[in-house]
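There are structures below to look over.
Below are two complexes that have subunit A in common, paired first with subunit B and then with subunit C.
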Partner chain A sequence: MTQLIDTSIYTAVTEAIQGEARRILSEGSVSAVVGYAAARRKGSAQPVVITQADDSGKLIFSAACVNNLAVYLTKAKKDIPKNGKIGIVVKGCDLKALVGLMGESQLKREELYLIGVPCAGVLASTILPDTALTSGTIASKCRECGERLPQGCDYTPTVTPPITPVLEKKYAAEIARLEAMTPAERWAYWKEQFKKCIKCYACRQVCPFCFCEQCLCDRNKPQMVETTPRPAGNFAWHIVRAMHLAGRCAGCAECERVCPMDIPLNLLNRKMAKELKELYNHEAGFEVREKGPLAMYDEKDDQSFIK
Partner chain B sequence: MHTEKEKHTFEPKIIAFVCTWCTYAGADLAGTSRMQYPANVRVLKFPCTGRIDPVFILKAFQQGADGVLVSGCHPGDCHYIAGNFHARRRFAAFRKLLEFVGVDLGRLQFSWVSAAEGGKWVEMVTGLTEQVRGMGPMQEFKELALEEQWSGSIDTPELQEAYDQI
Partner chain C sequence: MQKYLSENNLKALLDRLIADGKRVVAPRMDAGTPLYGPLANSGGMVMDKLPRRSAKETFFPVCEDIMTYGKEGQKVNLTDIDPSTFPETVLVGVRPCDAAAIPVLDAVFSWDYKDEFFLERRRKTTIVGLACTKADDACFCTAVGLSPADPKGSDLFLTPLEGGGYACETFTEKGEQLINNHTVLFTEPNGSQPLPPAEPQTEKFDLKKVKKWLDEHFEDPAWDSIAVRCVGCGACAFLCPACHCFDIVDEGTEKAGKRRKNWDACGFWKFTHHASGHNPRDLQPKRYRNRIMHKFKYYDDKFGQSLCSGCGRCIRFCPVGIDIAAIVEEISKK
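Then we have the complex of A and B:
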């Protein structure tokens, strides 16, 4: 049974974002605002960077605003000019990514002007952007989201997100299903999934945390990871990707959304997040931490697996 | 005199990533003390367990290792003060990931072996070799590598026959 999800707050949110963008741009306190604008197809949205106060009417927020805009601020993707403060529209999940980047000294809080968005959830797929947000079309990450209101922003519209119905946690259920399997069955499952990979690296391109100027997986002296879009290379790439995101991933699930072959990439990220929560009580959040769980240690860490 | 060496049908390849300050010295001690241990292990020396990237373990499996042993200084003994503490967290996470993608964790062992523990090194190597021998060859990554070249299974009767004729 599909339930309709109330997105009526998005009209008020859109107006508030427009007003705030107009104010900060005309005041000159920011040089640019990164946000969402309506795209050509009815109901669809695309990322936009505006620098003129007059353009702030372009900004919108709707259930089709799926992108994590934090990616435009990272080092490797130098799309935004670095002069003055930059305003950015963030959902709760996007803010966690920004906070992670601040923790890793990639961004400075004082160089950002955060416009937080109270969020009721976004669509899983933008193939049909004009569909209503229901329990069937909502993104899997939004089903498990507990952070509908981003905290610590410079500006947050004064609307309260509606109480969303409790939805089945798809990632948690899938992880439990896989964990109950034997290693051979799990291997068969992932082999089938990774077989589809075409090594387009869209997952890397869209990830806010993949900001290395030269990726380990692109190096060929020495070559650590096979670059061929064939079984062995695909396996290595996805394991390395999951490992490098362990303890850093903010759970925006952009990797999974952009994957043209529908590989459940966020499943690996969620699994690692779950393990790091259990092992080191670490969770992505709104508080800037200097070090991630794998960049620090405790002398009392579990070592039952070491002989 | 040496005792008659037992013949096995399968000799596993074990790759050991060791730190130069403790386990390598421990293995050296085992050697200078004339202790016997299986020759299946190939030792790779690193400055510290903190230098051992999980990618190395992955690469070892991909290149045909049947088992991997990672060994370094006991907690608190690290030459670089905290390298092994960092490694401990990293490997705790990495083994969970490998388990999740379906690698049998019986093939991957971590240990602390100090420079004085030649006997423990012998125990570790012997234990892992026998354990992996019991599990048989690591087929998963080899099959992936083969699929990279042709879409055949590794263990066809034709291949076995050709192998027997050599």
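Then we have the complex of A and C:
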């Protein structure tokens, strides 16, 4: 049965974000605030960068505020004025990406002013943004979210997230289903999915951790990965990406949300996260670490795979 | 020519075409996603969903081989792909926004260089359009001068009727030929009224005014505020029925390989990256500006048409909510 999810706190959250953005911009403690603004379509939202206190009223928070804005602090940061701290609106899931980026020396905590959002969940897809948040429309990542109230932000509105109904964890079930398959069946499943890939690279472009100045997969001298949207190159691309994100991806699931071909990309990332938890007791996005388990060696590491 | 085609007879038509050895391309589900693709039989057709990618791929595939090479000792063999081997195709269930973009693409693919890959497929394809009875608030065909019942680009156009089935109208010889080859399936119009067409909510753009502003504002602060959020993927261009840029790559080994033509997009940083390292479109707003300029100014300058049919795919699937209809509307009010 579909259950409605209570998002009534978002009105208070919106007001609090606006007030705080106005305060920090007018006192000059930040040069810009990255947040969400309403867009033309009913119920829609889009990322916005405001630099004037008078524009604070544009900021909103709703179930359509799906983006992980951390991406604007890496790849796109060239376009954001850097003469001072940058304020950013973060959900709990987004904060995990920021923690990871700090660990990888891409960001400094003191350069950021974090406005945390008490979150009741966001939509899985904004193809139709004017959609009520329910147990059927909520993003899969929100079904297993343990960070509805982000910790350690500079400002968090004093609003308690509502108790959300217990929702079925979709990733765990889907991973279990795939793990139960034979390798040939699994291969067939991913082949069908990757066949659809058109190499639009939306997955890469929204990923906070895909911050390489030049992606290996864009190189053609020498070519590392076939750039053509064909099965071989598509497989290579998605597997390279999953491996490169292993131990780093904190599960914002933006790659999966934006894929115009509906490829369940976060399944790969969650599977890798599960493996790293089992092998190294590592979970991404909780502490600022210099190196993830795949970037270092310890004598106590599991060696059983060496035959 | 006006005829009536029942739903069952539409299926029968497709099955007969397939049995005759024709390639029948129609909307179908592909690993959970609606896409245009070749049907094995009429049962696979999905008429109530706008395919995620546009119909352009029937003529201009995501990726196609244009030449193969092989090396035997010191001898290199080059083999062209022969477009005359492309199959006769019937493209069915094409929405007006998708069908209307196809003749717009004819202009660029038959301009100075005649692209035989595109043109041969065009010659060999009959397009059966389908009127829309549903629209969402990303649809804006009416804003760019089309409509949910516009037969532009269709050889034969189907309009769903209140009493079920379709009113068929032919617009070209190809369309008439399709009916004449299968007269038993098409009957005389039965007087049933068309279902009311969809009504996209946007107001009609003044495209002349938009172009005039674009003519005069290559440099403008508006580009920064419009595109600051653009993350530089190719989703908009790849889903677009009218975007047509491609890249040519050679892939293979020293011994054998292929030259391929792949979709490309002006949103990618690499699109204008020169071998020297210089990039004239060094920042994302310059790339996004090109998208708007190409659609509403450059193509108009060159071919007197606009490169947008208002399908709304780029709006629905932009990862960061960029809304081309809102942008053009804003420009038209400047």
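Criterion: the second predicted complex is superposed on the first by the 302 of 307 C-alpha atoms of A that agree within 3 Å, B and C clash if a C-alpha of one lies under 4 Å from a C-alpha of the other, contacts with A are read in each partner's own complex, and residues count from 1 in each chain.
The working rule: a residue touches a chain if its C-beta (ideal position, glycine included) is under 8 Å from a C-beta of that chain, and two chains touch if they have at least 3 such contacts.
Every value quoted in this text rests on a predicted model; they were computed, and no experiment measured them.
Judged by the touch definition given at the top, the superposed model places A:D55 against neither subunit B nor subunit C.
Within the superposed three-chain model, A:D154 lies out of touch with both subunit B and subunit C [touch as defined at top]. In the superposition on chain A, A:E144 contacts neither subunit B nor subunit C.
In the superposition on chain A, A:A236 makes contact with subunit B only, not with subunit C. Once the two complexes are overlaid on the shared chain, A:T228 sits against subunit B and subunit C alike.
By the touch criterion defined above, A:L178 lies against subunit B but remains apart from subunit C after alignment on the C-alpha atoms of chain A. Of the two partner chains, subunit C is the only one that A:K199 touches; subunit B does not reach it. Once chain A of one complex is fitted onto chain A of the other, the partner contacts of A:V258 are limited to subunit C, with no touch recorded for subunit B.
Looking at subunit A, you'll find residues 226, 228, 230 touch subunit B in one structure and subunit C in the other. Subunit C meets subunit A in the complex at residues 30-33, 35, 52-53, 62-63, 136-138, 224, 228-229, 231-235, 237-239, 247, 249, 251, 260, 262-263, 265, 268, 270, 283-285, 315-317, 319-323, 325-326, 329. By the touch criterion stated above, subunit B contacts subunit A in their complex at residues 53-55, 58-59, 62, 75-76, 82, 85-86, 88-104, 109-112, 124, 140-141, 144-145, 147-148. Chain contact summary for the complex, subunit A toward subunit C: residues 39-42, 44-49, 67, 71-72, 75-76, 78-80, 126-128, 130, 192-193, 195-196, 198-202, 204-206, 218, 220, 223, 226-230, 254, 257-258, 260-262. Touching subunit B in their complex are the following residues of subunit A: 178-179, 183-191, 216, 224-226, 228, 230-233, 235-236, 238-240, 242-243, 246-247, 268, 271-272, 275-276, 279-280, 293-299, 301-303, 305-307.
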